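I have a structure I would like to understand better, so I am pasting it below and will then ask my questions one at a time.
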Amino acid sequence: MIFVLRPGHSQEELDHILELITDSGLTPHVSRGEERTIIGAIGDERILQSLPIESFPGIEKVVPILKPYKLVSTDFKKEKSVVDIGGVPIGGEKVQVVAGPCAVEGMDMLSDIARQVKGMGAMLLRGGAYKPRTSPYAFQGLGEEGLKILAAVRDETGLPVVTELMNIRYAELVNKYADAIQVGARNMQNFDLLKEIGKMRKPVILKRGMSATIKEFLMSAEYIASEGNSDIILCERGIRTFETETRNTLDINAVPVLNSLTHLPVVVDPSHATGYWNLVTPVALAAVAAGADGLLVEVHTNPEKAVSDGGQSLKPSKFYDLMERVKLVAEAVGRHA
Amino acid sequence: MIFVLRPGHSQEELDHILELITDSGLTPHVSRGEERTIIGAIGDERILQSLPIESFPGIEKVVPILKPYKLVSTDFKKEKSVVDIGGVPIGGEKVQVVAGPCAVEGMDMLSDIARQVKGMGAMLLRGGAYKPRTSPYAFQGLGEEGLKILAAVRDETGLPVVTELMNIRYAELVNKYADAIQVGARNMQNFDLLKEIGKMRKPVILKRGMSATIKEFLMSAEYIASEGNSDIILCERGIRTFETETRNTLDINAVPVLNSLTHLPVVVDPSHATGYWNLVTPVALAAVAAGADGLLVEVHTNPEKAVSDGGQSLKPSKFYDLMERVKLVAEAVGRHA
Amino acid sequence: MIFVLRPGHSQEELDHILELITDSGLTPHVSRGEERTIIGAIGDERILQSLPIESFPGIEKVVPILKPYKLVSTDFKKEKSVVDIGGVPIGGEKVQVVAGPCAVEGMDMLSDIARQVKGMGAMLLRGGAYKPRTSPYAFQGLGEEGLKILAAVRDETGLPVVTELMNIRYAELVNKYADAIQVGARNMQNFDLLKEIGKMRKPVILKRGMSATIKEFLMSAEYIASEGNSDIILCERGIRTFETETRNTLDINAVPVLNSLTHLPVVVDPSHATGYWNLVTPVALAAVAAGADGLLVEVHTNPEKAVSDGGQSLKPSKFYDLMERVKLVAEAVGRHA
Amino acid sequence: MIFVLRPGHSQEELDHILELITDSGLTPHVSRGEERTIIGAIGDERILQSLPIESFPGIEKVVPILKPYKLVSTDFKKEKSVVDIGGVPIGGEKVQVVAGPCAVEGMDMLSDIARQVKGMGAMLLRGGAYKPRTSPYAFQGLGEEGLKILAAVRDETGLPVVTELMNIRYAELVNKYADAIQVGARNMQNFDLLKEIGKMRKPVILKRGMSATIKEFLMSAEYIASEGNSDIILCERGIRTFETETRNTLDINAVPVLNSLTHLPVVVDPSHATGYWNLVTPVALAAVAAGADGLLVEVHTNPEKAVSDGGQSLKPSKFYDLMERVKLVAEAVGRHA
């Protein structure tokens, strides 16, 4: 950690900082430049990162050198991790596609969608039993009934199922039925939820918060990993910007950035990232070209009647087209789908 | 609700939309312009707001006319609401100041701070027993022990206490000890938590999410109100922008905007909104000048040793200065503090 | 245009708005709902778009129906435009790559780079003679000398050249030497410059401003088109967001959005969009997969010695790799490069 | 400047960086930690700030220690600067108000507004002769005719006039008529324009760009100062964020931040910062409370007929109210207005 002192700081202020560094078990090193004095603290600075050092008298700026996350970083583990969801490996050579409706609406509908997307190449089924809705007056999900339907359709089709856990109370329930647990964007910093999931032995798809930096995203993954669960898949699903033509702005840069900073697999959700079904396919292809390990795609047999997010759901015929094109792009970048 | 049709839409597409409107119990009205055909749907359009109408064939754009929130809006109730926290009215003529440390660290420390801030004019005490921390390796709060300390200091000083509830599991506990419950920025869209709090009979301070629009902020308040709890205080605490000189960007415009859209009281947290103690006072004064009904200010007797957010905490002497100046500005805008 | 009236508006306020609509040559149409009265104005509303109607007494909201741009929209022209730069068509089946250094530094260097990138498949040469630099103390470009070098290298290699025009004073000069003029992100709303370029008969590459919405981007293109120059190529080069791991955030969604809203060709600059050379290739591939008609890529034989933007420049060997991979992805999406 | 090396860097890479530092006339200092090696470069690092050091092999991160701006910083000059516009000091004890219409529309109108705002306490008159308009079809200003009207009204009323310069071509003209030159938000990084203005001997009001960081804002001021003109007033006028209820988001934090980083006076434009006349007064009061040295307020006798920005213009009666309240708040913070 580097401490930059204000011009005109006192000797007492300097001594005070040296003391803090020594007391924390690190070794201070002072350099006096013409315009600024700086102090380097040599050792494991993470102990200092949660202290309010910027408020110390005489301090102008504090610069951390080490990354605040550890277990999820490529410093800790160089080789790419592969996370297995019910026998389907995420992070390997194959670009895996998770498809399904935004919300589970009933057995027939889910079974129908599942059979269709499986026939087109999807390897995992998604569907929400508990839905985070902006409006209290909107459909909130079928709850446990939805989970049972998911499990039944998994048994029928063989597709492992992914579903969102929003609330610690349902942790056990969701754990019982799902093959992988999704943490939604709005819960990326619901730290109690992250810790709970960290204690499970179940793969997690962690979605990036709407205003989360990549560093915060990795810190949330670190929360899960620090509790012992390292089967984490990161999902870029669009961030909030000033642009209003789309629901969110897909941060495509984040795909190669994450691939360099972490060993965890990275998938992309083009449905939420755009908000409009006609933008889903081009953006899905972009994600694969940029190096994503998988896609989460909303598919609905009758988007007009979807109880949630119909506007961004693909009909099966459009999903078929997406899959055909994803296969071509995956091969162009040395993978397959 | 207004539906704008794409140029070249078919008669079938038009009929389909008319049918949807009629089926929803609204009355359609078609206007054909030279470049676009538009359809107005007359009646309570809220029934349509959760449908994926933008994905209907032939639709270019859908424009809602009514606001998606109701109970919290000035349409529903014109006069400003006053929310009482343990005998202290928020939203009246007096600008109320809630002060205290970021986290409860111990009885002596909290009691000391409470007595000092009370002497300087603070009317409520804040302090976290459960802390949402970006890093899993940082101090996470004293938990129930912290709640007990808060209650004891309340009994000692007479200051009602405000503390954050992060997790439904602790709802009962927090409800038992606190005079008002705070919902943190990261939980503004933790809808299950909002519903739970909506069922309580306890005032709530709802903080705006870092990337929440004012509309979404009001929708979260609507969640609480729709469950029966209308003792809601809105807290602007800074939003996330591209600027990095400060921790967040205080959206000062939000104060008069909220005052026009909702009858709920509006307070401002200048500590989180800036992240640096030396910016807290000018920004607090700005909030009062803009019409805020109160302030949440972090105060610590020894910010350097604070276990959380020390960098943005005021020492009591600086808080004294803030209070003196807040009083002057409050009077300048026809209130008092 | 739709006018939503405040609840409780007066008859006089309503009449006043009706008068405005009639006076503007449009036909008003009033619908009274239970909660709001709305007025539709039928006719070419563009005449109303620059009036401050939202400030009229009694008005709650004004909703435009028509897009504010016309000539550049797909309403005006359905088929995709192809813009020819010195014999190289942009917007056709082939994905065209513009490559070269950020700034022209000298004849040998530019000639060397030009010959190398041409051999690897680049069809156009880029290089700045006038450089917009954040710091007044940084290299500002070679000026006319740089333009002459560009022209000489064009003559030597046959690659048409693209260079930035920052200042109306140099319009004639840049027009004389360049095959296409680039408008930088910082000048996207330098309206006098746009008008000047609109009067030229020279293709333009218009870069999106860092905080420009897609609508504003198209309005700037409309400025150029409205003066008679419709040889416009739009360039997405990253927008400003809260993320700091990269220099900008490439708005990949903008590629298919622009392809649906405008007939103009769309290219992407992965160098500025990321700011780091190691992110350029994955993001370039993403752009092609999403439907971009071309790429602008910074290439430098010795990035360490580059006078500007060396950090995001590819060495020729890396550019070779990019081109090979771009060709594969272009084919995967039914084009070639 | 601090260089952080990647784990596993080679000795050759280290030597290469040491060489660069030595060649630049600075002194390197190496510290080897357990997880990272860092190098400090002691001396005037500004010479290194424009080099692409982050792209050097072996480099993980580069951290500048010194600020990139110098002349405008409080390091360079500690006491607050006072800028005189035609005899009116900005930056002194008095909070100065610049008022007038967005655009000059004619002699009678401007004269009428000027006399009214002067009577209410405004000390300077604003009005645009050249208008940057998003749409090419909107009113673009009266040009030289507008400048003449401004000068005539200045002569009539004694109010010094401020007007925008958008285009280098009109620099001489604007310089001739105006008492202070305004640089609009869209031109904050029009570097040629800044240099031109830097050569004048005329006060400048520099508006912050919509997506400019405070650092970039100060770098633009440095451009002007580095050419010899240090009569610069900084104007915060709102930045672009995701919020759509207001036209921009006033960054109120920027007022105290600028007051700590620079000696230049800081004013606020509440009209553009909000976009709605009913928000102007509360936000203006906030600006004064936060420490602004002045305000720029749009006033129009008939906002409905304003050719530009009528929606955010105050009628004289509302401006009178604003002035009365500004006076009270200014006194509350130890100033007057």
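Every chain is named by a letter (A, B, C and D) in the order it is written, and numbering of its residues begins at 1.
One rule holds for everything that comes next: contacts are C-beta pairs under 8 Å (C-beta built on N, C-alpha and C of every residue); 3 or more make two chains touch, one makes a residue touch a chain.
This is a predicted model, so every value here is computed, not measured.
Chain pairs A-D and A-C differ in how many C-beta pairs are in contact, and the one with more is A-C.
Among the remaining chains, the Cα-based centre furthest from that of subunit C is the centre of B. Between the CA-based centres of subunit A and subunit B the separation comes to 26 Å, rounded to the whole angstrom. Centres computed as Cα averages put subunit A at a distance of 38 Å from subunit D.
The geometric centre of subunit A is 31 Å away from that of subunit C, both derived from CA atoms.
Multi-chain contact residues, meaning those touching two or more other chains, occur in subunit C at positions 211, 240-242, 244.
Considering their complex, residues 46, 49-56, 68, 132-140, 166-169, 186-187, 189-192, 194-195, 209-211, 216, 219, 222-223, 226-227, 240, 276-277, 303-304, 306-313 of subunit B touch subunit A. Interface residues of subunit C facing subunit A in the complex, by the touch rule stated above, are 211, 213-215, 238-239, 241-246, 249-257, 259-260, 273-274, 278-279, 282-283, 285-291, 325, 328-329, 331-333. Put simply, subunit D touches subunit A in their complex at residues 2, 4, 7, 29, 31-36, 38, 40, 42-44, 61, 63, 65-66, 75, 240-242, 244.
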